[in-house]
Amino acid sequence: MKFGIVVSEGPYTHQAADTAYHFAKAALDKGHEVPRVFFYHDGVNVATNLSIPPQDERHIQKNWTELAKANDIDMVVCIAAAQRRGILDENEAKRQGKDASNLAEGFRISGLGQLIEMGIECDRTVTFGD
Amino acid sequence: MPEAKKFLYVNRKAPYGTIYALESLEVVLIGAAFEQDVSLAFLDDGVFQLTRDQNTDEIGVKNFSPTFRALGDYEVTKLFVEKESLEERGLAPSDLQEIMYEDEDDDWEEKPSIHIVSRSEMADIMADQDVVLSF
Amino acid sequence: MSTLHTVNKSPFGDSAFNSCLEHCKPGDGILLIEDAVYGAVAGSAVAAKVEARAGDVGIYVLDGDAKARGLAAGKLIKQVKPVGYDGFVDLVAEHDRTQSWL
Amino acid sequence: MSTLHTVNKSPFGDSAFNSCLEHCKPGDGILLIEDAVYGAVAGSAVAAKVEARAGDVGIYVLDGDAKARGLAAGKLIKQVKPVGYDGFVDLVAEHDRTQSWL
Amino acid sequence: MPEAKKFLYVNRKAPYGTIYALESLEVVLIGAAFEQDVSLAFLDDGVFQLTRDQNTDEIGVKNFSPTFRALGDYEVTKLFVEKESLEERGLAPSDLQEIMYEDEDDDWEEKPSIHIVSRSEMADIMADQDVVLSF
Amino acid sequence: MKFGIVVSEGPYTHQAADTAYHFAKAALDKGHEVPRVFFYHDGVNVATNLSIPPQDERHIQKNWTELAKANDIDMVVCIAAAQRRGILDENEAKRQGKDASNLAEGFRISGLGQLIEMGIECDRTVTFGD
């Protein structure tokens, strides 16, 4: 079965990004597909590559990047939500005249249409938020 | 082309205190281009999103409530509002904005997009969907 | 010695306002801000509890937040006093401490 | 045709679980995750409402979240079934849609 | 040196679902160095922070509940827990961790840091502070 | 009177950073002092200089930067909370081997002791969060 996943809250502050991660992993372990994860609202903050959690805590962004790499998950960060909150890829940073970007490997920035498309193409859509 | 899926956008939060209501509306507007069978549910504090006379000048946050009145132009015409949620909050249907659309199947007659439904009807609507997105 | 309590979440979705009402003391003030302004609406399911407390506790609503949510003064519980951001500042200064019910 | 409902907030602080209980239908499932696992504790102020619904609705709790919060199976309402993340996946697959009560 | 201020840390949220409980504890630990008159209040869902037998292995989040037992070493010894909040949640005082400190003014006798108080006593404690920080 | 302010939630998602801003402005307008604002929890995200809100929305970070500049407010971002969430100044970025930093002008990163100190030295401490 194809599972689409929405992550609506930022890392560490809410457990949503962790629960979504464990759910995605379990779905893949059971032979299901997770073609896409869509990061919306504060969920876009999961995609920063500047996070440095304490050494004895999990690294939420890295966990996602590795899971996506190993399983070919399309991790999409909503562009409108990301711009408000300061998550930019290199192109966007250049276009906006910012001298830094912070989008982590494995994530891409795109529009909300990707969320609707996920809902259409997946058998199930599950939202993790607050 | 496969048949359209039934999408329900569930709105349970008040506007302005958090951004969920606004960012939900942004999804609805973009989603309209995909020609799916779209409904919006307003229950619990979500009913506050549709109230009249919102004026955000003093708090410096954008007033997005007029956008609801434009939903008809995007062919989003099914807005279900829960009666019990209104009542618990001291609201009457007349406290909500008028949101209309022109029905192309009925000689472009103007019709209301807001439907007041009971809690039990809301449960039926929720149980009749393919995709439920919650905000 | 008195406390200004601030509440910022809708009383219909969250228990903070209720908890505040049960912990405040005579002479205290409660200021409803952001989504908590809905707690000041007349005729709602929580209005009776607010009215019951309004005798010995000052209940205020942040006017800009009320207007943003379409709540003209006529829709509010009678005993609730609207204040601006400047009134918010005065309330903080007049009470000995501020407690936020997050 | 049935729905899996997920709830993630404590029923003592937030109304989401209550609203879910009032909108779910016979044959549906409710999975309590994150802070909502407290809704599965026996003897609490919300337990009776949960027990009343457990006849026609399957009520599940995410085991890892329950253990994180010190809730061994013995502390839970009898009709509540603990599941792991793999059981969560099965529940999503078995029901026709998932609705998150955020 | 001016007199110490009375600081109250108010904990109303459950652990793990959100980070507030953990980040509150981080403030308490750092704050201990400032030699103020510190109290911690646990009410509403905050009482869940102190429960026994927390095991976070499966959710991959750090279990910070043992840190509460170290508070005595930081001379943080006044943890007030509201009785009504416990009861509403089906909890008894015995469901909470034992948190002890050694009283230097009483021949280092071991004493409990947790004090179960009524809602009305909690209101009195809140009303007797200089600074109230809420988490 | 001296007002210390705590901001506990991120920009745009919660109104807290807006309300705190209007409160600080009103306090200053009335002749009070606001010696320090402390950003904690997701509040640290207010300090990103990569935020690009839509043109018809307020720019929360810039509002704070300007208010602080005009009124000499010490805006402190908690280092532990900031590192988890990916808010870094140049020094910290260098030290951690990150090739970008995102701390906006007018904010400085420091420890939680600054919060306690604010509580001790101010006449009133007001928290804005969720």
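The chains carry the letters A, B, C, D, E and F, assigned in the order they are written, with residues numbered from 1 in each.
Quick note on the criterion: contacts are C-beta pairs under 8 Å (C-beta built on N, C-alpha and C of every residue); 3 or more make two chains touch, one makes a residue touch a chain.
Model, not experiment: these values are computed from the prediction.
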item	value
Shortest contact path, chain B to chain E, counted in steps	2
Steps in the shortest chain-to-chain touch route ending at chain D and beginning at chain C	1
Most distant chain from chain D, judged by the mean position of its C-alpha atoms	F
Most distant chain from chain C, judged by the mean position of its C-alpha atoms	A
Most heavily contacting chain pair (counted by C-beta pairs in contact)	A-F
Whole-Å gap between the CA centroids of chain A and chain B	27
Euclidean distance of C-alpha centroids - chain C vs chain F, Å	26
Centroid spacing, where centroids are CA-atom means, of chain A and chain C in whole angstrom	38
Shared-contact residues (touching 2 or more other chains) in chain F	12-13, 15, 19, 22, 41, 57, 80, 125, 127, 129-130
Residues of chain D whose C-beta touches two or more other chains	8-9, 12-13, 15-16, 34-35, 64-65, 84-85, 97-98, 100, 102
Residues of chain B engaged with two or more neighbouring chains	12-13, 16-20, 44, 59, 61, 130-132, 134
Interchain contacts, given as pairs of chains that touch	A-B, A-D, A-E, A-F, B-C, B-D, B-F, C-D, C-E, C-F, D-E, E-F
Chain E residues within the chain F interface of the complex	5, 7, 19-20, 23, 26-27, 30-31, 33-34, 36, 130-134
Residues on chain D engaged by chain A in the complex (per definition of touch)	6, 8-9, 33-35, 62, 64-65, 84-86, 88-90, 92-93, 97-98, 100, 102
Residues of chain C touching chain D in the complex	12-16
Chain C partner contacts - residues on chain E that touch it in the complex	10, 12-13, 20, 43-44, 119, 122-123, 126-127, 129-132, 134-135
Residue ranges of chain F touching chain C (in the complex, touch as defined)	1, 3, 8, 15-16, 19, 22-23, 25-27, 29-30, 32, 124-130
